[in-house]
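Structures are listed in the sections that come next.
Consider the two complexes below, in which chain A is the common component and chain B and chain C are the respective partners.
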Partner chain A sequence: MKVSLPSIAAIATIAISGSATADLLDDVISSGTLRCAVVLDFPPMGSRDADNNPQGFDVDYCNDLAKALGVEAEVVETTFPERIPALVSGQVDVAVASTSDTLERAKTVGFTIPYYAFENAVVANEGVEMADWEGMKGKTVGATAGTYEAIWLEGKVKEWGEGEFRPYQNQADVFLALSQGQLDATVSTVEVAEANVESGKFPGIKIVDKAPMVPDYVALITLREEQGLINYMNLFINQQVRTGRYAELYKKWVGDGEPADLTIPGVYR
Partner chain B sequence: MFNYRFQWKQAWNRLPEMLDGALITMQVAILSMILGIVLAILLTLFRRSGNRVLSGVATTWVEIARNTPALFQIYMAHFGLAGIGIHLSPYSSLLLGITFNNAGYLAENFRGALKAIPDTQPRAGRSLGMSDLQAFRFIVLPQMIRISFPTITNQMVWAVLMTSLGVTVGMNMDLYGVTQDLNALTFRTFELFAIAAVIFYVIVKIIQAGAWLISRRLFRY
Partner chain C sequence: MFDTALTANDFIFLAKGAGMTIFVTAISVFFGTILGIVFGVIRYQLGPFWSAPLMFVLDIFRSIPLLIQLVLTYAFLGTVLRLGMSGLTVACIVLTLYTSAYCAEIVRGGIEAVPLTLRRAARSLGMTWAQDMRSIVLPLATRVALPSWIGLALGVMKDSALVYVVQVTELLKSTQILITRLQEPLLLLMICGAFYFVISFPVARFGGYLEKRWSND
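Up next is the complex of A and B:
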């Protein structure tokens, strides 16, 4: 068969222009590396082990996603406020960082379906009289800046019109301030609260009550326009639950009991 | 790769909150400068006093203020003092940290300025019947402030920029703290911080213009 020069040129053009329209999903697969932003001072979701290696639910989740894509996982540590700059400047491909899926944020980044859901607890200094969550009214309270619970708590303090809200830059500073008595109470995820009370690193704190919030559904995020990757990750999250891997990771990092239901009754998704 | 479309509207809507934050930033900076100058004059007197203890205190203060990060000083004012049972609010911690830093730097600037004033001047004052303190107050001090005025302006600018360290101790009322809060809410990081940077720039320019006007009025020969 004789192949004409114009048709070779045409194929070459398609091949070149084809690569120019490749999306992030293609880029990740062809680069062979998936770079995940993970927050590593947020146990049990992300922390460092005794050898300083990243570990936790989110780290394993990133590894699973990389495995599904057939690439190597690379964990990039970020703080909560640094997730978006890392994503936008192309230092990471996705953030597996317990990101709450608010409508305000969804104007900026692309969310998948939820991959985890947190319940929140009220933790107080033992020296403070507090029977339930409403005892926080009029007190000095704080939480980790940039988290769902911080946004909720700051809203509550404004609603009450008394007391004070202080956001600290990381989880450790919040619990240090609570332990020292700088804060009367904080709201954090049940997982984080239990881990910190049990660790004994922050003496003089106790869990008081559950915080009456809608569960904090968290999702994977990537750039808003990367629909190809978002579709892939939606299916991946579905498969994690379907195959029992979600329950397995819950047991490994959080403990016995039922992992949170990721569906919302009465609506499609 | 910078894969991003700027969306200014979402950030721009928050400008009033950021301007309120800018006022708090100015307030902290101005208070810390007033307190800092008073303390720096005291430290200068301590060092001239010839008393071992007093000059020791002044030297230690200046050494710590100038040779450790401002971030450390503010962090210590909050978490460090809380460790020994003194609880300060984020606002007070920030103000204390910056004031401590200002006083240290300004005291050193004043020391430099004093070197430019001949020792014979206060001695001449003494021979006219002035006390030591009077000679300092009427002869040395006005010249010291005049000579070090540009460095005082610099420190004021520095104080404004240092307020951004308040977020580490839970401050969320100042310009930087407000911006961080809004960032968590909207994720419009680049737009919000770009606006904050412009506001900081304008504040600094206002200070420089103000300093120029003051120096023209006060220091005419």
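Up next is the complex of A and C:
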């Protein structure tokens, strides 16, 4: 049989490109393990239980994603600065690590649609009459100096032209002042607020309302070029919300109340 | 200070970490020593010129920080060769080579410490090279090299704390996990130090014992 040179070349090309088309999604499925980078010193998203096993919202999301793919989940502990290096150096397949979807990071890694959003809550002393966040007008409010919440709150106090803003050194001082009645209200992330109310360390405080600040949207990340996996994870996030799993895990890890809306009004995606 | 949230479970967790430290150290020191003896003998037999390529490679293992070796090897085997090796395997391979690089020098020093006249005498009595190495060089060189070798083994045990970067949860990493959860760094680091001491002390004592015994005969 005579085989022409071009046909050999064609077969060789198909063979090479055939092996190259296996993307990360295929690799994960064929390896049988999904390796997720999770930050485990960031409760309630990631922490360790009394037996030192990983737990938290992000850990459950990793397990759910692995289950959807039909593979085993492997939680790889990373710190916040190590998340992207771990991904790029191939130590993990995806990072389920509360990563804010900044344009700067998107130059290095590929983001999915947001899977969670950190919102801010207004927390008030129980003795203060307050129906919603606008009730802070004219009251004595405070927050940890220099934080996003503090800047927003100070701006609001200036805008209203009444009331007082007090900066504090750290979050614990803020909640202590609130509990003792030196402050009428403060603003902190919903997660911190829920945890502090729950802990009982600060009696006499209550969550009033969510603050109308732009939430910190966080997304799953993987390698920038792995469009197949990003596509899969986008659908996964959609399904988590659709099936009620998102709300269920929010209730389990954060507390009662509405989980953040993951859509942004007035724009696609 | 004694009001602690540490439970028996956490002690078991630390003990598991200590077990991993001992396992990684034992594997690397065992294979590292075998390789080190081979490299050391090759280095001695070939002379400085012909063994230069081997020594260059070993110098690389001795000069580059272990942390960097671990990260780069893990990334290379994982993303370039796509071997899918576990972190533990990578840790053992890198630590073994690292140990062998140091051990080769210790072995060479030991062989060089055996007086050449003694070896010539052995050869002139009709001993083969292998007999000379086994009956003359081995006993004498071992006595010279033992203290440095014990030092190397203990050093590797403490260096093994770096294998956490390839996702091996050894003693120090276990301690860090507990520190994150319990927020009691001083107590936990003291316990961790005690664990390391309990592991190293018998090895150091055993080395001292052998040294004493061998020097008397």
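Here, the second predicted complex is superposed on the first by the 158 of 269 C-alpha atoms of A that agree within 3 Å, B and C clash if a C-alpha of one lies under 4 Å from a C-alpha of the other, contacts with A are read in each partner's own complex, and residues count from 1 in each chain.
We take it that a residue touches a chain if its C-beta (ideal position, glycine included) is under 8 Å from a C-beta of that chain, and two chains touch if they have at least 3 such contacts.
Values in this document were obtained by computation on a predicted structure and should not be read as measured data.
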| item | value |
| --- | --- |
| Contacts of A:Pro167 with chain B and chain C, given as first, second, both or neither | first |
| Partner chain in contact with A:Lys156 - chain B first, chain C second, else both or neither | neither |
| Touched partner set for A:Ser89, first chain B, second chain C, both or neither | both |
| Which partner, chain B or chain C, touches more chain A residues | B |
| Which of chain B and chain C A:Lys139 touches, first, second, both or neither | neither |
| Residues of chain A contacting chain B in one complex and chain C in the other | 89-90 |
| Residues of chain C touching chain A in the complex | 7, 9-10, 13, 71, 74-75, 78-79, 84, 166-167, 174, 177-178, 180-181 |
| Sites on chain B touched by chain A in the complex | 1-4, 7, 10, 78-79, 82-83, 87, 89-90, 167-172, 177, 180-181, 183-190 |
| Sites on chain A touched by chain C in the complex | 31, 40-41, 47-48, 50-52, 76-77, 89-91 |
| Residue ranges of chain A touching chain B (in the complex, touch as defined) | 80-81, 84-85, 88-90, 102, 104-105, 107-109, 142, 145-147, 150-151, 154, 164-169, 173, 176-177, 180-182, 223 |
